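Working notes for the structure below.
Think of it as A, B and C in the order they're written, each chain with its own count starting at 1.
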Amino acid sequence: MNGSVILETKGLTKAFGGLVALDKVDLSIETSKITAVIGPNGAGKTTLFNLITGVYPVSGGEIYFQGALLNKVPPHKRASLGIVRTFQHVYLFGNMTVLENVMSGQHPRSSYGFLEAALSLPKARREEEAISLNAIKYLNLVGLGTYAEHDALSLPLGQQKLLAIARALATEPRLILLDEPGAGLNTLEKRQLSDLIRSIKEMEITVLLVEHDMPLVMGIAEWVIVLDSGQKIAEGTAAQIQKNPKVIAAYLGEEVE
Amino acid sequence: MIARLKSNWSYLAIATLFAFLILAPFDWFLGQYTTLMIVIGIYTIVTVGLCLLMGYTGQVSLGQAAFFGMGAYISAILSTTYGFNPWLAMLVAAVATGAFAYIIGYPIFRLKGNYLAMATLGLGLIMWIVFKQLNQFFGEPDGISGIPYLSIGGFVFNTSFRRYFLVWFFCLAVLLISQNIVRSRTGRALRAIHGSEAAAESIGINVDQFKVKILVLSAVYASLAGSLFAHHLRYVGAQPFDFMASVKLVVMAVIGGLASVWGAIFGAGATHVLSDELLLRFGDWDVIIYGLILVLVMIFMPEGLFVRLKDILERLRLRYRRRGVEP
Amino acid sequence: MASEQFVQYLISGITSGSIYALVGLGFTIIYAVTKIINFAQGEFVMLGGLVSFTLIYRAGIPLVPALILAILIAAAVGAAMYLLAIRPPKKASVVSLIIITIGVAMFVRGIAGQVLTKEFIRLPSFSGEKSISFLGASIDPQALWIIGTMVMVTIILHLFLTYTMVGKALKACAINPVASSLVGINPKTMALIAFVLAAAIGGIGGVVFAPLTLMSYQGGVMLGLKGFVAAAIGGFKSPVAAVIGGLLLGIIESFAVAANWGPFTSAYKDAIALVVLLLILLIRSGKLAEEERAG
């Protein structure tokens, strides 16, 4: 394995009362690679995301981002550090237009505050210009440029998911966590998604995704980590994982979805 | 100093509003309603704050009259019993009210939805009881009187004509500031919080801090309005700051369109005129009709009367645009 | 404090607490099934008292039928409220619904004032005026009616929720509306039943309370607030907890006034409920904070 490690977890554990969702998981996510986390339902994938983004506090173990300890960093500060995520249920800002959603993503990369905003000072105006331009850039990147002034919720699901990704990209992250980006998409949309993910990689952003769609995962992932019942049971290339007996057993053991 | 607006029509609308407001207090125009418009201007200031808090950020306050009253009472007490300069008293009131909002902000916003509503309701009621106590302490049993007029140098705001311009000066300043905030990164952050707190947090917005900040801002606005109120009536009692007052403020915000800054003028004006008119025309039936109107408006026009009107105008405008006729 | 005084204050507290408990039950039922806080809850109590008064003294209807009719009317108002004001708005926000219930409360209060009476009214005591002696304290017999009614209502409600089909459906709807609708329980019907039930219970409260104290068309506001506090103590989930909450509030009020602590003179008795409310909310807020920290 070449390249440096952007995210590392050591003995990462999360317990909800008596239920252990993640059990001493050690991970090493390489920079600029596309890594997928897969596993049967209840394996702890979303919990992992929530720990990395700070939504849940850690029960045990450490998370290191670019070498620095992440555990105590409040969730809203992680975006400016370079970690951003998308949500399974999208969570767009329904009270804004498509463009405004992406502009919101520029929040951690801008700095003018209440006072400058209230008085519409030059600093505010300058930053607004930059925010607008950047937002349009990201919107075009995901192919939604023509929908800029539409209400965010007027888009069909597939495009809403793209919008959510554009919003996340606008935070200019180092690491982007995609939570089931393919859910609810048709075949064409999934292909567009794969292309988009590859362009994200080309922007030197590390991609970590949770996904249930195996063909999608196997098509783009350069590295696959398999979780089951809160533990890491295997990792390797897509080809290696598909042949791994432990992985097959884990999936066969679960109920039909 | 003013952030760019949506279209040239908006500039025209605001210019018209300005012209109307400037000409209004003259006798040959609407002079007889000057006092009414002073009160509307004062309520507009409070309403804008409430719109920012409820409409844009998606929170709830059923006790906004508490901040309104705090401004009034602090101004009243400091300028009568302690002989403060009224402007200084106003400033102190605003700072104190803002600080109070800051202190209760963090614990209060842990509550959501109905519980938040009840907490603000309870606070409003408690402050009202405090105000009644203050009446006994600092003034005659029912209120504090003898509050001086505001003045700048020798120029005293002792006529409605003068106070009208004073109040609307502040009101327009508040409106412009709020307009700027709404169209900025801050405004987007507030709307993001309303849209999805989880997503807002994930893109770097400090949700708790923003909520408290906007509460403080709304409290400062309300306090400012309260001080102006005190120096207008020269008397404060507890009654204008009771639970129904908080309800009326919410109604003003709702009718004006929760997510509309300029709509606040309409909301405050319509609601105030309505409740006064109803009282005049229908005597005791005013409460009945008021309740009925509340229910009907909330059922059929929850986004606010003003916003609905704006929508209709917007649709007309687009229709003309499509026909190739530039408006 | 002498023991007779203690008993006196205790009984007095339990009596008013019983009314708060009944109002609190109404809040809890509606909230559990619909997640709505019904600001008009206190008005149902007021209606119970005022409507029965009007029926007895203006329509000449004898006591018992008048009481029953009053309760039915209160229930009907509850149904009307749901069907006309709560069901129609689609996707109403918390704020909208709160304003709607406030609007209904104002409307009902105003109509009661105009149509029924503006004056303070009082119903005749159910079993005479002679005080009963109990552990050295003298108790108004109506107080026993009140406490007894509260206990009966609570028991019957519990039986209803646990053993009847409709009751169980209500409970299911409260616990999991989505799952219940999947098994054929119509949430709208359940909501209607919840409103009718809450209104009837409120009406019952008004009917037993009116003989003990003077009521007016404005009386619903404070009763509503205190009933709300009772329900809040119970976390809005459990009828029994609401009852306990109501009794607690009544007792605290009674003893606070008795002790004559500082601002808690009888004039500020009402403030006690508010303080309790804020304490509860503070505790809840604190608990939520702890949960966040502990994860």
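The criterion applied here is as follows: contacts are C-beta pairs under 8 Å (C-beta built on N, C-alpha and C of every residue); 3 or more make two chains touch, one makes a residue touch a chain.
Since we're looking at a predicted model, the values are computed, not measured.
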Query raised in the report: Measuring between mean CA coordinates, which chain is farthest from chain C?
Result: A
Report summary line: Using C-alpha atoms only, the most centrally placed chain is B
**Report entry** Cα-centroid distance, chain A relative to chain B, in whole angstrom
**Finding:** 41
Query - Rounded Å distance between chain B and chain C, as computed from the means of their C-alpha atoms - result: 34
Report task. Calculate how many whole Å lie between the centre of chain A and the centre of chain C, each centre taken as the average of the chain's C-alpha atoms. Result -> 49
Query raised in the report: Residue numbers in chain B touching 2 or more other chains?
Result: none
Requested in this report: Indicate the residues of chain C shared as contacts by at least two other chains.
Outcome: 292
Query raised in the report: What residues of chain B sit close enough to touch chain C in their complex?
Result: 54, 60, 62, 107-108, 110-111, 113-115, 117-119, 122-123, 125-126, 129, 133, 247, 250-251, 254, 258, 284-285, 287-288, 290-295, 298-299, 302
Query raised in the report: In the complex of these two chains, what residues of chain B are touching chain A?
Result: 1-3, 177, 180-181, 184-189, 191-192, 194-196, 198-207, 213, 217, 259
Query - Of all residues in chain A, those that touch chain B in their complex - result: 53, 55, 74-80, 84-85, 87, 91-96, 100, 103-108, 110, 112-114, 116-120, 124-125, 127-128, 131, 164, 167-168, 170-171
Report summary line: Per the touch rule, the chain C residues reaching chain B in their complex are 31, 35, 37, 85, 88-89, 92-100, 102-111, 113-114, 225, 228, 232, 263, 268, 271, 274-275, 277-278, 281-282, 284-286, 288-289, 292
